[in-house]
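Given below, in the form of structure tokens, are the structures.
Look at the two complexes coming up: chain A is in both, with chain B in one and chain C in the other.
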Partner chain A sequence: MNNKRRKFLKMAGATVLAGMGAPVLVKLHGTAQASADSEPAPAHAADSHGGGHGHGEEQNAGIRLGMVIDMRKFYDDEALLDEAIAACHLAHNVPDIDERKSEIKWIWKTGYGNAFPDHSHNRRSGSVENSAFPVLCNHCDNPSCVKACPTKATFVMEKNGIVSMDYHRCIGCRFCMAACPYGARSFNWQDPRPFITVYNPEFPGRNRGVVEKCNFCSERLGKGLEPACVEACAGTGAIVFGDLNDPESEISKVLHEEFTIQRRPAAGTRPSVFYIV
Partner chain B sequence: MFNKSLILGGLAVFVLLVTTPFWYGLLKAGPPPTPEPPPNGASVCVAPVEYMRSSHMKLLDVWRDEVIREAKRETIVVNDPKLGTLEFGKGLQLACMDCHSNKEQFCDSCHEYVSARPDCWTCHMTPAEIASKEAL
Partner chain C sequence: MIEKTLKGKPAYWIWLAILASVIAVGWACYFRQYVFGLGLTGMSRDVSWGLYISQFTFLVGVAAGGLMLVLPYYIHNYKEFGRITILGEFLAISALVMCLMFIMADLGQPLRGLNVIFYPTPYSMLFWDMCVLWGYLLLNLLCGWVILTSERKQVPPPKWIYFFVAISIPFAVSIHTVTAMLYCGLPGRHFWLSAIIAPRFLASAFAAGPSLILIACLIMRKYANFDAGETAMRKLTTIIMYAVIINTFFFLLEFFVGFYSEVPGHMHSLQYLFFGLEHHGEVYNNLVPFMWIATIFNFVGLGVFAYMKIAKVFDYRLVGFGSVLVFLALWADKGLGFVFAGFVPNPLEEVTEYYPTLNEIGITLGIWATGILLLTLLYKIAIGVEHEVEQ
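What follows is the complex of A and B.
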């Protein structure tokens, strides 16, 4: 009896020691493996986090379509902005719903404080304070909506960097709407058709239960046309559209010459839409 | 076997009852429909007729993925003996409905016969739907 008890205590002690020692062993093994893996890691980290250059500086390679909106052209001419919005919504069969909760917008007007909360302060110039700013999908380089989408219904087009949507795949979960820091996405709470007055027969509509947003006029670019909003402002230079990665493009020249701001740069999404304020 | 005739008779009735939907379908279906030929007189499609009959849905899926995901929007050129050279974009509204302009007589006639319910038209618009409103 005594002998049995002695044996049991010995075994229990050994087990406790082994149990306490195991995590240390696992940890040692883990760090050894991590240091073996660490060689290719820095390159990858630099790739995905902008290499420590700070947000908004790194641009993905290839064609990256972007837009510069020159607010100086819109300060005295809100009608021009209305035309641009109308042209976009007409081209894409965007319904005109007069209710905040269910409205659909691809490009719309908002105040400076809402468009640029990071740049906001209480001593703004009159033109900034009193003008409507056009806002739209920023076609980010690092889009949070794409990461949130569970079905890959929204994705970055490799060819041109446009953040695109495949309405066929959208299941209407609205994760992308929660993920987008710009509120650039609208959800179809109802069948949008009754709210469309003029049809563009060359573009489809949407149905109830999908999210929609600006597509940078992919369908017009395919035909060699400029985006509808850019075309509506033609001749004024209010909106410049082009390849951000081409140093010879007009947009690159404008960005080189002028000081521009982006919407919510701290969100780290690296927007492709720039504003001259 | 006891009650041989009763068991076999019961089995026969049972099998007949279980397969009722098939008998019903066979009797109800009637002759397969012939979809309306293009009202504009076109006689050549973007692919051979046999392929279009069996696999138009696959072609539409390929078009969809090419256009939306790869931005491959090159047009498709068809030489029609009557209408000459026709150029189409890829898509229901851009290609199909140009010739098969009557969705009810063309698409629906077969789809209804085989109980296929594609949801194309909740987003895409038929020529009739477009005509119901002011068009761009």
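What follows is the complex of A and C.
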């Protein structure tokens, strides 16, 4: 079982690598070669978004999928954000549990001060103060949850940098939940199935007793689709998804032009999700 | 030697029966949890570890505390501890069995527990914790059993056993150090992200373990005709006293760092523990009474031991009183506050308080009762052998 699933995940990664017809990810192929051919990490020198870092941090080479969330598109359109969340939770059979204690969420809304406690201060602009910010797994370049996991049930996919989960290996110790500085992980405190109204047969359900979180839609990427939340915002440019290590990718261009912030950069995890505030 | 557990006074059997019934309740509660899932506990998405992991953390300390008997006896040749060193080793066995049971109770998928061995992951501190806990358990079983067998036969223990006794000493330190590393290596949890966690754990362990042994000695003095000896007990109170002083000092350093620097992340958990944390107009303070009672117990316990030293008196009642206070204080410090407060506030600076459920408390008591039952049986064997030798 485990091997099969691992193989599947690897295959999904490889498909992304091959750039099989994924319109958004066309450039991925090129980068893989670029970073394989040249010395490690030449692209990062041009990485000008890292305003928070006093000195350039070393980053991993190879494809590293990331996301830019343009909050300017969400400030006046919270419904768009709701659609993105609904699309994600529908695609991944995320149960809808009302009780805060047991809730499971992959991408959700929170306040600016909650999302960015390190950037928080008491003189915020009105749009920042009053808007909902989407938060999700940051698919860190240096994930503390992966270090914590005693069974490698959560791991970085080498092909694309996604922090992935093996629901069949997870023993439910919840060490990763304690280790994540973003509160991105949820635990199945009970059988989730009664709380799933529409079941998507394309994505596996989970048992109780395992941890789960956003997977950057690895399964959709394998089929050449964009992540569900990105697709839900199609045409608005609210969420840009792509390879952070490819200087030619759309996301790299956005990051080059706009000033962005990351959640809790001081934790040293090097998140792959950026926000234009 | 196991046959020693089969003979006893009625009080012994009544005691075992009480423990057995608590264990039965624990199993019934665990069955419910096993069928439904960990949702039957008070743990939540925000406070994802509760009583199980906090008891585990505390009991690792109790296990490591046995070192305070082994080290003086075997390394410094302190003969007065000859009668009670075995109690330290047997306490370590019971405490470690409880630790492993608490870990199993906490797993969402207990049947997959062996994955930790099938997919060994050296960069995970939990993997190393498993290694050192099992290592220390096996070492104590081996050393305790071999040395007690030799004592029974009235021959000196075989030379080779001292090799294992010697390596059990760094192992005792390692179990609590690695347990501290589970916490102090996590970015984003300010309360735990402190280099003094491991030393603090060790200091409190070296007080909690010996105070439990003192309590056991007093009980056995009264009911089992076993006298640990006044000199040995006096020495233990000295050890406990210094360990409590060092632990208190380390804790106060945490306070200084938090409240002098005024870095919010370093203050929040301490505020939550001792003064209540105000958040959006609400005050969260469910641990405050526990922490202040623990503080009082800590200082009164310390005062009792200090009084005995300064006034040069020795009274079994005072020893018992001081030991119970110190043990309870350290239990509240590590078995409640340390783990729960690390999750407050959560990484999104929201506050969720943790209240264990009855089912969860039932399992916790069941595991404690299992450990105490095992301890009773092991001590019964140890005392039985000593009585046999004396005759």
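As a convention for this text, the second predicted complex is superposed on the first by the 220 of 277 C-alpha atoms of A that agree within 3 Å, B and C clash if a C-alpha of one lies under 4 Å from a C-alpha of the other, contacts with A are read in each partner's own complex, and residues count from 1 in each chain.
The rule is short, and it goes like this: a contact is a pair of C-beta atoms (placed from the backbone, for glycine too) under 8 Å apart; a residue touches a chain by one contact, two chains touch by 3 or more.
This is a predicted model, so every value here is computed, not measured.
Undergrad: Let's test your reading of the overlay: on chain A, do chain B and chain C clash or fit side by side?
TA: fit
Undergrad: Chain B or chain C: which reaches more residues on chain A?
TA: Result: the larger residue contact count on chain A belongs to C.
Undergrad: Per the contact definition in the header, classify A:N207: touching chain B only (first), chain C only (second), both, or neither.
TA: both
Undergrad: Between chain B and chain C, whom does A:D246 touch in the aligned arrangement: first, second, both, or neither?
TA: In the superposition, A:D246 touches no partner, neither chain B nor chain C.
Undergrad: Going by the contact rule set out at the top, does A:E78 touch chain B (first), chain C (second), both, or neither?
TA: Neither chain B nor chain C is touched by A:E78.
Undergrad: Touching A:S164 in the superposition: chain B (first), chain C (second), both, neither?
TA: first
Undergrad: Pick one for A:T197: touches chain B only (first), chain C only (second), both, or neither.
TA: first
Undergrad: Just to be sure I read the superposition right, which of the two partners does A:E129 touch: chain B = first, chain C = second, or both, or neither?
TA: neither
Undergrad: If you've got the overlay open, could you tell me the nearest Cα approach between chain B and chain C in whole angstrom?
TA: For chain B and chain C in the superposition, the minimum C-alpha gap reads 11 Å.
Undergrad: Enumerate the residues of chain A that count as touching chain B in its complex and touching chain C in the other.
TA: Touching chain B in the first complex and chain C in the second, residues 191, 207-208 of chain A appear in both lists.
Undergrad: For chain B, which residues count as touching chain A in their complex?
TA: Those in contact with chain A are residues 64, 67-71, 73, 89, 91-94, 119, 122-125, 127, 129-130, 133-136.
Undergrad: Quick check: in the complex, which residue numbers of chain A touch chain B?
TA: 90-91, 155, 157, 159-160, 162, 164, 166-168, 191, 193, 196-208, 218-219, 221-223
Undergrad: Would you tell me which residues of chain C are touching chain A in their complex?
TA: The touching residues are 36-39, 41, 43-46, 48-49, 103, 106-110, 112-113, 115-116, 118-119, 121, 123-127, 130, 182-183, 185-189, 342-343, 346-350, 352.
Undergrad: Touching chain C in the complex: which residues of chain A?
TA: Contacts found on chain A: 100-104, 110, 113-115, 117, 135, 144, 147-153, 169-175, 177-183, 186-191, 207-211, 264, 267-269.
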